[in-house]
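Quick heads-up: structures coming right below.
In the two assemblies presented below, chain A is common to both, partnered first by chain B and then by chain C.
Right, the complex of A and B next:
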């Protein structure tokens, strides 16, 4: 069988799989969930196959890189069907952010800056949802903005999700009174700089076009001194670094941050220096916050996939090292 | 429309993932669509937000906007070779203003505050004298002190890394490697999160297999 024939067969198989499951979805069938025994069986099978790959490697038969991709894909996808739960331990920086929010008195104004776009949503959206939910639960007032164009849209998606919660919906929260979305403002760090003098100079109207002075929630909000706490959800520039350097160090804003895992390590220096009041780093940070806020959602659900993927990555690093040392030993035996 | 959007999203996602098998036309198409839409989105957003929103709709009421508009216009002179030198003025303004702002910001936030955070009392929980810190705090403070000091020694190239100095530099490189390792671990987590997000879209939003 030629490679082209194999490729066509694989494509047809994928297309059939998609059609069958799409029809199943349209027919209104629910999600698939593996029982515990099946989950354990799947884990055992994956472990056994990894051991088999290790044996093959020791015997000198190296595997293709596509096999590694396939294993990572399986390690990410299968846990999404499993009913297993993972124990999550809350780190001090996550607890610090949680404490900072719950210690705010009722009616305090919290500024949320959404500085990310859809590609970073898997990490930052669960954080945003759980923080918005906690704030609204505790009757805090939310002022939302974004230094990235799609940020305010992500905020609206998070708000929609939170309002699906019956407890939050029962509060009958009003736009403009309990929360407001000021929208996107271009200008990167210079926006933060000017907000230090006047919010209105940067946001003449909100996301829906209502003039700043006509919004009851922000009518008396002139600058950072009228905000009690702030959280920045950041995926890069402009983001937490700029908020710390300008809003925190120049204007004294009390800031917590939720960051993508890539940039989280750079933020720990600000946390240790007291420039940040709490930090959520990547998906694990989101899951920890959900745990401490007693709201288990996508962050917690995705952590099982995350852990499986890490375990597979570690397994392949070990297998790769075995292959490396074995090849070195063979070279020495041959006298190369 | 919702179904069309889901299928289009899935088609493009699978197109990008198909690169893992090998480079192909489906991947190239998806990549080109992504890059084109991103550039178009940014252009449209900035055009409507800045040019139309602030300047045109605001009728240039704020005098500083005219200065910005003039500098922006000068930038386009780069397209005319004879007067291209005029485009250096807005560039000089941008470089000057940005350096002025960042110099102070970096000095205060990334140098002074960090130096202050590194100068720690080893045995005291606060900044006063005393021996009231618990063991974890003492170890943590010592790690920060030793890590910072030896890390700086490693980057001091005016003296050969030999003897005690070389030993300290060697300890420094260990700290630096651990830092790189932590960053790498976080990067792996971030990339896996993106993959989880896409698989959640494919199996959840698109095919309804997961809740």
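Right, the complex of A and C next:
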């Protein structure tokens, strides 16, 4: 079988899968869900095939890169249809952020900065949704903004999702009174610096064009001293680093952060120094927050895929190292 | 004067920003506000310049039929499509239910997420090919990566749930992140910080002139 034929077969298989999934959705039959026995069978088959790859590697046959791609694809896609549940361990930094929010008195003002765009949404959107939900559930007031152009639009998507929840919808929250979206402002870290003096100087109107002074929620909010807590959802520059360096260090803002998994390691320095009051790192951070907030949603659902993907990556690292040591042994034997 | 004026502007603005950090009172606070506002205005104009530059390069690529000109054509078409749909939508172009919102939700978001998701495949493939225990340092990195990768996902907790509290994989991952990893990060950040300070001083004093261009 030629490579081209294999590629066509793979594409047809993916297309068929998508069509079946779409037809089921249109027919209103809901998402496909494997029963537990099938999920376990799939896991066993994947494990057995990985063992077979290990045996082949020990025998000196290296696998192609495409095989790794195939396993990653399977590891990410198949768990979305599995009904298995996993126990999530909540890390101290996630608990710290949760505690910081729940300790706020009713009516406190929370500033949420959406500093990311759609590529990072799979990681950051679940944490944004669960934090917004928790804040609204506890009757906290939300002031939303973005240093990235698409940030405020992501915030609206998160709000839309949260308002689908019956408990939140029942509160009859009012835009401008209980929450407001101030929109995007260009200028990166200089926006944060100017907000230290005056919010209004950077946001003369909100996302919908209402003048700042006409919005009841922010009418009396002059600068960071009128904000009780803040959470920054960040995928890079400008993001949490700039918020810490300017808003926290200079203006004393109480800040928690939600970061992509790639960016999170850099934030532990600020967390250890007390400059960050809690941190959610990547999708696992989102899942942990959902667990501690007792509201399981996207983050928890996607963690099964992430568990599988990590396990597959570790398996291939082990296989790669076996191949490395085998080749080293062979060359040493030849040298002898 | 073409070189001197930008150097003087850079020096004045740089010195005032340094002073206002330590003396946040009038007149430095006011001057800092002016310069911050100017930065926002320049940054907003830079977005337009960036878009125009992208269009210019894409048009030239299509016109000259350079390699990959088809992608450039897609950029031009989608750029104008989004711009026209947005402008036609008026002031409320981003509201739910508008054409722009539809394009954002069902074209832009899935395409962006797909591009980012491709990373997973390359990371796994690169790990398989390059993450080898060649020497002590590489082995140390490999072991730390193992603990973090497995400890950060629920499967790690499940695998080590029989272990005493504090010795489970999730605890080890947290320890790696908060102690050795943070120490390494701190060293890197201090190094970067010192580099930024020295480069900034060189720019303010006019010793470093590459940012104003123009060759030698």
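Quick note on the criterion: the second predicted complex is superposed on the first by the 310 of 336 C-alpha atoms of A that agree within 3 Å, B and C clash if a C-alpha of one lies under 4 Å from a C-alpha of the other, contacts with A are read in each partner's own complex, and residues count from 1 in each chain.
By definition in this document, a contact is a pair of C-beta atoms (placed from the backbone, for glycine too) under 8 Å apart; a residue touches a chain by one contact, two chains touch by 3 or more.
Please read all numbers here as calculations on a predicted model, not as lab measurements.
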Touched partner set for A:310, first chain B, second chain C, both or neither: both
Which of chain B and chain C A:102 touches, first, second, both or neither: neither
Touching partner for A:168 - first (chain B), second (chain C), both, neither: neither
First, second, both or neither for A:81, with chain B first and chain C second: first
Touched partner set for A:122, first chain B, second chain C, both or neither: both
Touched partner set for A:56, first chain B, second chain C, both or neither: neither
Which superposed partner A:72 touches (first chain B, second chain C, both, neither): both
Touching partner for A:18 - first (chain B), second (chain C), both, neither: first
Partner chain in contact with A:42 - chain B first, chain C second, else both or neither: neither
Chain B/chain C common contact set on chain A: 69, 72-73, 76, 119-122, 149, 185-186, 190, 193, 250, 265, 269, 272, 281-282, 284, 306, 309-310, 313
Complex contacts: residues of chain A adjacent to chain B: 18, 21-22, 24-25, 29-33, 66, 69, 72-73, 76-77, 80-81, 119-123, 149, 184-186, 189-190, 193, 244-246, 248-250, 260-262, 264-265, 269-270, 272-275, 281-284, 298, 302, 305-306, 309-310, 313
Residue ranges of chain B touching chain A (in the complex, touch as defined): 10, 20-21, 41-42, 45-46, 49-50, 101, 105-106, 108-110, 113-114, 116-117, 144, 179, 182-183, 186-190, 192-200, 203-204, 206-211
Complex contact set, residues of chain A against chain C: 65, 68-69, 71-73, 76, 86-89, 91-92, 117-122, 149, 153, 156-157, 160, 185-188, 190-191, 193-194, 197, 201-202, 207-209, 250, 265-266, 268-269, 271-272, 281-282, 284, 287, 303-304, 306-314, 316-317, 319-321, 324
Chain A contact footprint on chain C (complex, rising order): 21, 29, 32-33, 36-37, 39-40, 43-44, 47, 91-92, 94, 96, 104-105, 108-109, 112-113, 115-117, 120-121, 123-125, 127-129, 131-134, 142, 145-146, 149-150, 152-155, 157-158, 161, 168, 170, 174, 177-178, 181-182, 185-186, 189
